[in-house]
Amino acid sequence: MFSYLANPARFMAFSAWAGPIFMAAAAVLFAVGIPWALIYSPADYQQGETVRIMYVHVPAAWWSLGIYAFMGGASLVGLVWRHSLADVAARCAAPIGATFAGVCLISGSLWGAPTWGTWWEWDGRLTSMLVLFIIYLGYLALWSAIEDEERAARLAAILCLVGLINLPIVKFSVDWWSTLHQPASLFRAGGSAIDPSMLGPLLTMAGAFFFLFAGLLMFSMRTAIFRRRVESARLRASQA
Amino acid sequence: MSGSGPFQDKMSLRVEQLSLSRGERLLARDLSFEVQAGSYVEIRGGNGTGKTTLLRAIGGYFRPREGRIVFEGVEEPSLALHYVGHLNGLKGGASVRSHLRYWAGLFGVVGEEENALQRLGLRAQADLPARVLSQGQSRRLALTRLVLAPRLLWLLDEPAAGLDAQGKAMLADLISAHCSAGGIALAAVHEPIGPTPTRVLTVGA
Amino acid sequence: MSAFAATFRRELSLMWAGGGALTPLGYFFGATLLVPLAMGPERALLAVAGPPLIWIAAALAMLATLERLFQADLEDGSLDQMLLSPAPLEALTLAKGLALWCVVGLPLALAAAPAAIALQAPVELVPAIVASLALGTAAFAGIGLVGAALTAGVRRGGVLIALIVLPFFAPPIIFGAAVAGGEQVGSAMALVAGCALGAAALGPIAAAAALRLQAE
Amino acid sequence: MSAFAATFRRELSLMWAGGGALTPLGYFFGATLLVPLAMGPERALLAVAGPPLIWIAAALAMLATLERLFQADLEDGSLDQMLLSPAPLEALTLAKGLALWCVVGLPLALAAAPAAIALQAPVELVPAIVASLALGTAAFAGIGLVGAALTAGVRRGGVLIALIVLPFFAPPIIFGAAVAGGEQVGSAMALVAGCALGAAALGPIAAAAALRLQAE
Amino acid sequence: MSGSGPFQDKMSLRVEQLSLSRGERLLARDLSFEVQAGSYVEIRGGNGTGKTTLLRAIGGYFRPREGRIVFEGVEEPSLALHYVGHLNGLKGGASVRSHLRYWAGLFGVVGEEENALQRLGLRAQADLPARVLSQGQSRRLALTRLVLAPRLLWLLDEPAAGLDAQGKAMLADLISAHCSAGGIALAAVHEPIGPTPTRVLTVGA
């Protein structure tokens, strides 16, 4: 699949229909997930209605980690096999990942205010998530500071790979430090600890976030490739 | 090569269908040529036609868009070449002599420091920090690397820039001696710098 | 003399000539001096909040030396020559990192002793603070190499380095501050040492990979 | 276009191209992030010790942009050209300082709002903190000009700048930290404004005098 | 001066018993000469003999140890001269055109930008950042300042360094036109760069 799509022409053909389909899937899942989460799922016996923030917070947290892992893979491919498409993929995923991380941070703060009585607490999970957000920003800043695209791609890929170290720290920070934040309840040894009535909407929303990411990625990669083509055509014309 | 006699090995350099581009600009297309041991090749061409880019591609600094550069008789190209580019590679705070000592260590050679200073006429400046050297003196210092470590292939980018008449004569002698010892010198120049070129390569014509 | 030794020696002498440890120390003392100024001189508050801030001052002092570490080599053509050495670029970046640690890191660690006392740290903790900072600055140097190499081609890269490097400074600072705060000194020290080892091992490799790209 | 306007405009665009406010902001957030990491998350402690530290982070973030401000002009020969302008060098240094303030200082002041909240400052103080920092960064820019000009000829001058400049940063930091700490906000603000005015008036003059000597 | 016609004012330059030293080294002693409007003066001398130092002293950048430099017919010397030294004064991140715009503002002139680009053959590069220019193109960009703002005295330090044959011809034309319009040009050179010098001044002989 990856090597099949590595050809830009084939990717353009694929993304031309895949992009809209992903977006449509995201729309359908949101259409199901949002009412399910906001209206039909039960309120928490402790937290009451505020628990509904979870349906945004948790998918955003998962996918901000997932997108970084995806960027790590794409960076490796870009570095080792010098696939420009992999570079574009990593570059285009980064702003989406940064946004998800930002959504996680903001929704977490909003959630924290009523439940923990504070907007922000410097515990391991929250701090390491903030660190991930800053790594995203650093990655984007490095990209935008280097004018030569090809070199920017390689350098940013090195940074991205180095930054992978942070992922396990975010993931396991809750277990290492005793913290305010929830430990993992879904992906943990011994099965999920979330009530099925909440698991349904949560997984639906997670799927919606995934397709939102995939669709946005397709569109922004297409734009990037088009922009590149236009630029090179313009330059070739100006030289002729 | 001064003091170290003719090279034991012979190398040759073959460039095959090279295409070079910078940004979106295509500087060379399907460039092919071959250089035998003992040759001095002049690279000519107007400003911005790609002489520097070609030299940097041969030196391994710049990745060509297409084509190959083949070194024959050499295992690791980067250990068989010297590159003296537009930039001299000097640190203002370090003295002339400490530059030579550093380069000798970097290139893994010993003992030619005083000879190199002598050959390039920098004996009087040996203890000055590079920062206060004049333009031509800085260029001479960069050129000492050629004497310091014997290497088969010299890539010289306007090596005579800033040199006075005497400095140009020294450089011409160095190149002639190098080529008659079996080395190769490629120099990008705007005007002949002395030795009769084995061949003249014109880029971007 | 090997290329490693030649590079190490040259860096040492260039750094000394450029002010050596004097100026990072000034930055370090300046920054720690600003803390009581900003926080007010209240003894009790300082004693709790102060000592860990030494770690921040040290991190920022090292950060400030990073910007030109490779940028200067790129701009003046030295990097081109480094690539022609029989020694691998990894060894040369390691030599530079080592020189940085000797000229800046170690003096900072020693300077932490008076700074810690000025910020009301308990005297019996001072040796541990110095030792942990000696390790911590090694970690900073290793991480810093990568940041400096990644941003070598960028003008005004100094602040970009900060952005890239500070998130990775977080783990040694967290553990190091625990040492300075007197909590679980032994295990925290082991963790700082782990950070230092990892950074010293991986930093030069990643930095060399980035530098190879910069030469184009 | 006057030489002042031309210089201002060029500096703005060079700074934007070099990352603009993004990177000092990163440094600022990074540095404020390190504070709780080092000090530990204890709420009460942070609330007292934290907000004044924003001033230190801002001061250090501006400091980090200063090193190359004139050094680059000296090394690439731009300074020679500045001396041939009909406009006095004072006007040109003022233009550079103003650009620095616009691209780095003002965004830092705005960024102080979320940072202050993260460091547990009372929300009603936030507007005062932002306003005082807008003035404070102007003072830093004015003082920084002088430091940057004095050290333009020195390699690795960044840390030397720190040494020269930090003592002069102390007054605005002291008064500014008082604002952040919520003590006598009105009069402290007036004092910060005084520092800013003085620095903006004297800084360009002293910097120009120093630069004239650098050209030799 | 191209496009701006002959200068209204005439200036002359007189150097009286100048002594120049760098560090402990004495580069010139009791140097005296005079240059009239319309002259082109070549400064010759080996590497490190003090050509650059002399030009910088005349430009007001460097304080001579003894002696005077007198500008006649000019109020403020620094507003009547151009200095093109070994360093080009470029910012890698700014485009060629934005350099011209900046210099125009800095020198307080308007409207000659396109003409200057044209005269130095940089039209095709106008939108490139200076960082990617070749050596010769960078030099040409530095030389556009001469066209951009008409000034009486040109101090040129190896102005032809890095220029190709066509670039050298352009430079020679510029200097000839400048001098016949009543300007003065002083150029430190190692080889003649085209125009016949009114006089040749040898330093450090």
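Residue numbering begins at 1 within each chain, and the chains themselves are lettered A, B, C, D and E in the order written.
Heads up, the rule we're going with is that contacts are C-beta pairs under 8 Å (C-beta built on N, C-alpha and C of every residue); 3 or more make two chains touch, one makes a residue touch a chain.
Small disclaimer: the values here were computed from a predicted structure and weren't measured.
Farthest from subunit C in terms of Cα centroid separation is E. Distances between chain centres, each the mean of the C-alpha atoms, put E farthest from subunit A. Computed centre separation for the pair subunit B/subunit C is 37 angstrom, with centres defined by C-alpha atoms. Centre to centre, using the average C-alpha position, subunit A and subunit E are separated by 57 Å.
Between subunit B and subunit E, the centres computed from C-alpha atoms are 30 Å apart. Spacing of subunit B relative to subunit D, judged by their CA centroids, is 45 angstrom. Annotation for subunit E: residues 86, 91, 93 touch two or more other chains.
Shared interface positions of subunit D, i.e. residues touching 2 or more other chains, are given as 14, 18-19, 22-23, 26, 30, 33, 37, 40, 72, 155.
Each of residues 127, 131, 134, 137-138, 141, 145, 148, 239 in subunit A touches at least two other chains. Here subunit A touches subunit C in the complex through residues 127, 131, 134-135, 137-138, 141-142, 145-146, 148, 151, 154-155, 158-159, 161-163, 165-166, 169, going by the rule given at the top. Residues of subunit E touching subunit D in their complex: 56, 59-63, 78-79, 81-83, 85-91, 93-94, 98, 101-108, 110, 145.
Against subunit C, the residues of subunit D that register as touching in their complex are 14-15, 18-19, 22-24, 26-27, 30-31, 33-35, 37-40, 45, 48-49, 52-53, 55-56, 59-61, 63-65, 67-68, 72, 154-156, 158-160, 162-163, 166-167, 169-170, 173-174, 177, 181. Note for the complex: subunit C touches subunit B at residues 1-3, 5-7, 9-10, 13-14, 17-18, 72, 75-78, 80-87, 215-216. Of all residues in subunit A, only 118-123, 127, 130-131, 134, 137-138, 141, 144-145 touch subunit D in the complex they form.
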